[in-house]
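Input: a single structure, listed below in structure tokens.
Going by the order they are written in, the chains are A, B, C, D and E; count residues from 1 in each one.
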């Protein structure tokens, strides 16, 4: 991250938090008015502001409520505790990483096949697109059941859902990247009568690196979504998805939001890591800074 | 023939021979299934192709024979055994070989471009049918395509109503509002590098929020009907569009901009005549990504509270009712609608960015 | 490090300037005074222009010649207000380059064609006219006329990638000629053309310049081209980019192509080549 | 439509061929017989090559010159098996171009440098050596030698974008020279260089050619360059691309730079110019 | 030990205390069983899980189980620890609803995913349309929580006596501002939370023996839980991997659950079964089941287990 970005990000985050506070007051007011009415109590504007930011089941929890919840469930709990968000984030992360790794490999392999074989290109590509129009959450439960039926359970089914979601950006990006070398660069290889694998390793593969990392950034974020989705039909026993669901189930908005924020932070850490890896590779490769 | 094609032809032949030799199922013999037997003989004959590559039409016939013989014989064979599965594999490889040779022969052009993916899809469907029925997979786990088709035909009014609710209302409106507002915001923040540097990373973060988290909140804020689904779609489509548009607006080359400067062109003139056309490939990239995202978003959002109509509602309730064929009928609608939406955007893209190297032929 | 062989370039440049201002061919259109331009890059500063002083009068045809990387493009860009000098003074038409740009005082031909791929050739040429608010009829008429001039009639409705490299370069010249700016800044406009086309366009350009009272600043790598076209030739040397010699042409204004075989022409060409060679005495020649 | 002034080009080409085969300078290395090449495009067919017949003997240095779009690049690409002719015969080293390519018979310098941005200059030059399986020590030695030849010693570890355009072009020439192919196909290799550097590299190329027995096919837009370098100059004309003239050079093999001022040189240059002009008598010249 | 996998209908909570107690207190070990308890959730259809071989025995509501039976998953009830139904429709008083007839024109939140059958049967008995036509009710697919009622998006929502009802109370709406309609009181109660297995498995005496021991131990667990509600709630909390349940809520839930399991020794009451089937068959236009089921339950296991 360039130093030039820090201040703008902070300003934008501050603005979002400001808007968030305003929205908290606005959205929680109707309920608070009902409470005042039921209790028959007089209230002032400042009462309203303080009370809307401290409800137990707010429509929108205030940022500090979420921050306190996150603090309590991360720093103040042992990481092995089931009430620790670190523990749940770790469960989700392991499925995310497994799915991301499989999705990337699958995506690259498919892309290589598509680039080297016209029949694969023509027949598979449209169905790769169609596959992504299937709502995964709809078939996730069935996938899990079917995988259970063939004896797969635990991490793998969740990871497979991540795989399903994350291979798509990788295929699309890598097909583009592997085809990106210009005609002149391919012709050069032809004049050396280089073999297909030499063309691949010496030209297509290095040329596609920026595309690979760009799509891996998308893929890792989407993998996290997949892992969370996959947690729901596995009984939502643990993981950020389970926290989201349990929060939903009991109307614990503070818990939902803290799980959401942790998920988003996790996503951005993962994306940043992939980006850093990409930066490292391209620097090693001598790409213009 | 290429090495791959020769290999496929050999595999088809060997599997066909095996199909003739191995038992088809416990109580059924070869003679009970004339179609399948014919197919097996045809496959075995394929061994002779090494010498003499027959015309593509022969592969077409073989594929057609597989497509007819395999499903038809399922009425006779209720649970396939080794021989049957050999023939199923032979059918699949025959279809593959056909596709391989269709694409290799450069004639046909547009027609093969359409036929190949269709053929691939049909192959998948036939295999699905053969596997689910051949292995007696319970209907509640995975129904065969024929059952899904029957259910589809019988439920057209319901499917249409769901389609209207989810696609025509939530998806299209959400998509238009999400992409449209992101486009305007992108143009607005384009003039402020400060905002760009701050907003884009935060935007990426927000677009990484799982929809399962947002959907219940939107239901809480915007109610049960389609507006809350449209809101989910807006959230999902906003950031891909924003990020791509901003990146696209930066795409115009240095020299092209300098040219505009030498004309002392105004901001809006530069925007309309240079930067938007140059950004079009990026914008269309986002529009394509969003076309599938929007549909998934709307359907998933319906899992968290809806009136009793909508594709997501139907999927989630019918799973619970064990009507898995209805679920797949609904998924088929989603896949067709999503692919058509994607295809439509891609067509517009081709027309608008015809000048881009990737679209020149 | 400059080799011993290089001449006292700075003085000669100053001399040239003094001389030019004196021989008031027309009122000065471009006047640069001790221009400096340093690019700040990751590796440290790059001195692209150093102490460049120069006056170009109305109706002058000035060529810039010098080894690759000596700052020719940079100088043209400073005149066009596409780059800000880090030191010194410059005025164009008596006002700042920015004001001149806003007045649409010049047409610029870039080193590469830079046509917009989504516009046909005719619409590419019409682009500046649209921006400057010409009427439709006027646009039509001018596009036809300038395409005719560069011999591209018949290609109006082709897209850039359907043309050969040379044709693209001609289209970009047409684009700069379409609106009648008084100053033309041309950066190696004929680089990708073969000799015959180049000769033809050289003639056309000379004719256009003779007909009108345009002032032209022209960058080229070709010594004969520079000598054939210019009233003055500015020789530059790199690192830092400086003017090492300014050569006044003694050729008449009216120049048939075969003037290039006269001893006078060859004499000037020789002088330019010498100047150029002196600038080349650096290690990476 | 050809104007009345153009010569009976076809005959003269045939004549040239007859002459060349007769004057058996070496055994024929490249032999083209009535080559035709038509591109099918959306707008209809483009006749890039039409009835091109040509024999290039071992040790020849043949330049191709002709207006933009006349098919020079296409012809070189056909020889290199990068394009399939739609008619006629061609053999390279007595075998088909494909077989020659598989035998790694030639080195090709493209019109653009086309270096791989993720490889340093040294590794770019080493690329063909890696592919052809040279040992590490051998690679090292050859890279050093060819970089020396094009005057790029010291820039081994720079990346392409850290070099000026001219240096990049020299690196791409080094890449083609690194493995000792008997045939060199060079497509405007010196296009982006200024005159001084160009002269220097012309000399180097001539020396290389004189030292070895390489056969060189060389495309250029510059008449003096063609005359200075070649043993034979092939003049082409466009639409459809045909050979209109083949000019044998009468210059000695040993050519100092100042040979370019001799009357003999100018006479040949004149003839080339005339040939070129004849080919230009089409509407889009 | 013999392995048994139990698929719950919902997430880990006191609703399933009996099984967790049996596990925790070693009742399953005593029967030489190694029981794996798989929590459920909103996306888990237990019949689908058992059809896919993911469980030996499942917990399901009888309407859903009977409907699955018609769809080709031959479920058989082997035990019924829950005697009474905990389903209710809870309305805000200010909507003016006092009796079922007032539902007309109102918006009601209903759980779907196989949980809608009791509601649909009830409405069809009342003669109220649920398809959005005039004079009917507007049905919403209710999400996981009671927000629609709190946010006034629905006039009534579905609740369980032991769970969602208390969420409304916890949210701050006092009981006297609510009107509740218990399915039990309306005479449309259907059997909840029974144990079901696949019919074919019952032909295997080894499996039957395993189930006998399983039911015996589970009922022991249930009775222990009824007797020690607070301790049972603690055990449930320990088993909640999501770490989202609160002690207060689970203890109260256990108290309510005890009321529903009271009166059942585990054997299915034929009378309750008949009432359930009749209620379902009465559901007019949108039939849950089209004909009287055959062989949908057996006493073979409970008879043996309770000996």
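Keep this in mind: a contact is a pair of C-beta atoms (placed from the backbone, for glycine too) under 8 Å apart; a residue touches a chain by one contact, two chains touch by 3 or more.
Everything quoted here is computed from the prediction, not taken from an experiment.
Top-ranked chain pair, ordered by C-beta pairs in contact, is A-B.
With rounding to the nearest 5, the Cα superposition of subunit C on subunit D corresponds to a rotation angle of 175 degrees. Distance from the centre of subunit B peaks at C, each centre being the average of the chain's Cα atoms.
For the pair subunit B and subunit D, the distance between C-alpha centroids works out to 49 Å.
Distance between chain centres (mean CA atoms), subunit A to subunit E: 35 Å.
Annotation: 85 Å between the Cα-based centres of subunit D and subunit E.
The geometric centre of subunit C is 31 Å away from that of subunit D, both derived from CA atoms. Those residues of subunit A in touch with two or more other chains are numbered 59, 137, 141-142, 145-146, 149, 232, 245, 248. Contact of a single residue of subunit C with at least two other chains is seen at no position.
The residues of subunit E that reach two or more other chains are 42-43, 45, 48, 51-52, 143-144, 147, 151, listed in rising order. Under the contact rule stated at the top, the pairs of chains that touch are A-B, A-D, A-E, B-C, B-E, C-D. Considering their complex, residues 182, 184-185, 187-194, 198, 202-203, 206-207, 209, 282, 285-288 of subunit A touch subunit D. Put simply, subunit D touches subunit C in their complex at residues 43, 65-69, 151, 164-167, 191-197, 200, 221-223, 273, 276-277, 280, 283-285. By the touch criterion given at the top, residues 31, 35, 38, 56-57, 59, 81-84, 87-88, 137, 140-142, 145-146, 148-149, 153, 232-233, 235-238, 242-243, 245-252, 255 of subunit A touch subunit E in their complex.
Of all the residues in subunit B, the ones that touch subunit C in their complex are 253, 255-256, 258-265, 269, 273-274, 277, 280, 353-357, 360.
Contact residues on subunit A toward subunit B in their complex (touch as defined above): 4-5, 7-13, 16, 27, 59-60, 117-119, 121-127, 129-130, 132-139, 141-142, 145-146, 149, 221, 224-225, 228-229, 232, 241, 244-245, 248, 253, 256, 259-260, 263-265, 267-268, 271.
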